[in-house]
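Next, two complexes with chain A in common: one pairs it with chain B, the other with chain C.
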Partner chain A sequence: MGETFYIFKDGDLKRKDNSIVITSLEGDKKNLKAEVADEIYLFGEVNLNTKLLNFISQKGIILHVFNYYGFYSGSYYPRETNISGYLLVQQVRNYDDEEKRLRIAKEILKASSYNIYRNLRYYNGRGINLEEQMKNIDSLIKKLDYGKSINELMGLEGNIRKIYYSTWNSIVKQDINFEKRVKRPPDNMINSLISFVNSLIYTTVLSEIYKTQLNPTISFLHEPGTKRFSLCLDIAEIFKPLIGERMIFSLLNKNQITEDDFDRESNFIYLKESGKRKILMEYDKRLEQTIAHKDLGRDVSYRYLIRLECYKLIKDIIGEKEYTGFKIWW
Partner chain B sequence: MYIVLMYDITMDEGGARVQRNTFKICKKYLTHIQMSVFEGNLSELNLMKLKKELEQYIRDNKDSLIIFKSRDERWLTKEFLGLKDDKTSNFF
Partner chain C sequence: MKKITGVMVYYYFVCKRKLWYFNNDVNMEHTSELVGMGKLIDESSYNREKKNILIDETINVDFLKDWKIIHEVKKSRKLDEAAKWQLKYYIWVLRNKEVKIEKGILDYPLLRKREEIFLTTSEEEELMEVLEQIQHIINKDLPPGVINKAFCKKCSYYELCYI
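So, the complex of A and B:
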């Protein structure tokens, strides 16, 4: 498993001695071991040239770029080497087949809502009374089975999320008034945090999809729109509760992230560098965390779980084995 | 596999070339932590690649290169005397 590097400082990213080196404006250097690197996240203002892009393409390293405010701008990824025309055709066919698409979409949502349920169950067991919300979510999950169209499913998902978010005020010990999810722009600390963490999960999923033969633009749950990799959104949906939201709760409840990590002037929309750094360190740690996998019989990291999800999807698409979404089992 | 690698190159004629190349090869795979010491996590395959590359330069009768292997970083405790730094961190 390759390594991920996070660059916050401004400076130059260069190819040197067949490796990658970042030199900050003050002259500090860091070598980003080209042979073992997998991804590089750029948060600072970095100069780079095509020589470097050529080199990282050769090494199969993905570059994720975030803008000054910490919002995801895009990724540079090398020419696709894992491609399969056959799989692409099958993927499109599955998308086009109403019934099959609905089945996959349902699986994704069921897994995602189940993981949400598990998060609530965890906090319910810790002395926060969430019985009622759990019951509501449970009944909505059961309704997912009978959904007849993608829109209907999306509606149910919206309701589940709404109930879920309504519990956050009691789960999070810090005094933040979190009413509902607001995007573009987020309107308070928690919303900014969710946006930031979701964009991280999105990039991780993209990196993992890149390693498989799947085409990231053709999705099942979300509408495959233009201008975005919607399959990433699909798969990210499953892992948001497990990786993202659990992390947000723990960061806030342990007071690792407080108002001081946000830019007050911007009404808490923008994270300060200190905040971004803390979140990323925690995020990186979580991706490397391992669990014993039941079917594989070995330890698997959270990051690899995402890739396994892609493989399961492939198996379904080529008609080998029906896809079942990932559900927390521990 | 967690690896600590260190080398000792005899600085005679041609020594500089060996040292230069050894350094360049090592830093592609591992983190440079001290003058001639590197460490990092490598897969079996990457370690083989690294050794293959190094073998081209290391002279059997003059230079020595040691690789300490540990199954996991967990089984390795690191202690600092004097300056403490986190060169192995992935954050910059």
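So, the complex of A and C:
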């Protein structure tokens, strides 16, 4: 399994022989092992050239770029080497077949909502009374089964998320005053945190899709978009509760992240470097965390669960086995 | 008729499901450490020879000695039956191109062993049947089922098959 490098320093990123070297403004050099690298995240301001881009393309390394505020800017996605024309055609066919698309979209949402439910159940078992919200979410999940269109499913999903977010004030022990989810720009600490963490999950999913023959632009739940790799959004939906939101709760409840990690003047949009670092350390740790997979009989990491989701989609797309979304089972 | 590569003949004897996936470009090899190791062995052995000769844009022979002996480099002898047939197929293809191939040699540089391979007339018939079977398998709409062998656990397709 390849490694991920997170770079905060400003400086130069260069190819040096067969490795990648980051030289900070102060002149410290650090070698990023190109042979084992899978992804590089750039948070600092870094100079790089085409020689480097050519090199990382050759090695199949994805470069994710974040701007000064920590918002995701984009990825340098090397030329696809895992191409299957056959699979692409099948993927498009499945998207285009309303019935099949709806079935896959439903599976994605059912899994994602179930994982949300599990998060609530966890905190409900720890002395926060969430019975009512759990009951409401449960009945919405049941309605997903009868959804007749993507729009209807999206509406149900919106309602589930609304109930979910309404519980955050009681789940989180800090005084977060979280009313509702706001993006572009986020309007408080929690919204900023969600945006940042979601963009991390998005990039991780993109990196995993890249290792398969799936095409990241053709999605089932989300509309295939021109501005985003929408299949990443589909798959990310399933893992946000497990990887992202559990981490947010834990970071806040252990006071690892507080308002002090944000720039007050920025109206809590700007996450300070210290904050980003803490989140990324924790995020990386979670991705590498493993669980015993009952179907495979081996330990798999959270990161690898994402790839397995891709494999399941591949099997559904070629008509071998119907896709079932990943649900937390432990 | 689709062109059949040596790897396809090899996979036919290893796992027909893998053959089907491979033929549809659903490749898993790039994720496997074992395959990476095989690649390194290939790159680091027999450097005096002219290596990886692509013939007819279909078969990729590890290396040839004087256009008489075909070499195929393998890491282990675990799946030597499949390796033998892969080599026999190469012999057949080249003979059809009027190249006077005497024999094939399976090289195991890690084991410091080698094995000579010949293609007899009766085997040639067997090979024709295999090629027909391969066409049959790759033309199917769905991949053949999981074979559930002990060596599945080491295969780069393991997760795809068992998930």
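For the reader, a short list of remarks on this structure follows.
Here, the second predicted complex is superposed on the first by the 330 of 330 C-alpha atoms of A that agree within 3 Å, B and C clash if a C-alpha of one lies under 4 Å from a C-alpha of the other, contacts with A are read in each partner's own complex, and residues count from 1 in each chain.
Just so it is clear, a residue touches a chain if its C-beta (ideal position, glycine included) is under 8 Å from a C-beta of that chain, and two chains touch if they have at least 3 such contacts.
Quick caveat: nothing in here was measured; it's all calculated off a predicted structure.
Once chain A of one complex is fitted onto chain A of the other, the partner contacts of A:Tyr311 are limited to chain C, with no touch recorded for chain B. In the superposition on chain A, A:Leu280 makes contact with chain B only, while chain C stays out of contact range.
Applying the stated contact rule after C-alpha superposition, one finds that A:Ala34 touches chain B and leaves chain C untouched. In the superposition on chain A, A:Tyr122 contacts neither chain B nor chain C. In the superposition on chain A, A:Tyr6 makes contact with chain B only, not with chain C.
In the superposed pair of complexes, A:Tyr69 makes contact with neither chain B nor chain C.
In the superposed model, A:Ser19 lies in contact with chain B only, and not with chain C.
Of the two partner chains placed by superposition, A:Tyr165 touches none, neither chain B nor chain C. By the touch criterion given at the top, residues 1, 3-9, 17-19, 22, 24, 28, 30-31, 33-36, 277, 280-281, 284 of chain A touch chain B in their complex. Chain contact summary for the complex, chain C toward chain A: residues 24-27, 30-31, 141-143, 158-160, 162-163. Here chain B touches chain A in the complex through residues 24, 27-32, 40-43, 46, 49-50, 90-92, going by the rule given at the top.
By the touch rule above, chain A contacts chain C in their complex via residues 60, 81-87, 211, 213, 295-297, 307-308, 311-312, 314-315, 318-320.
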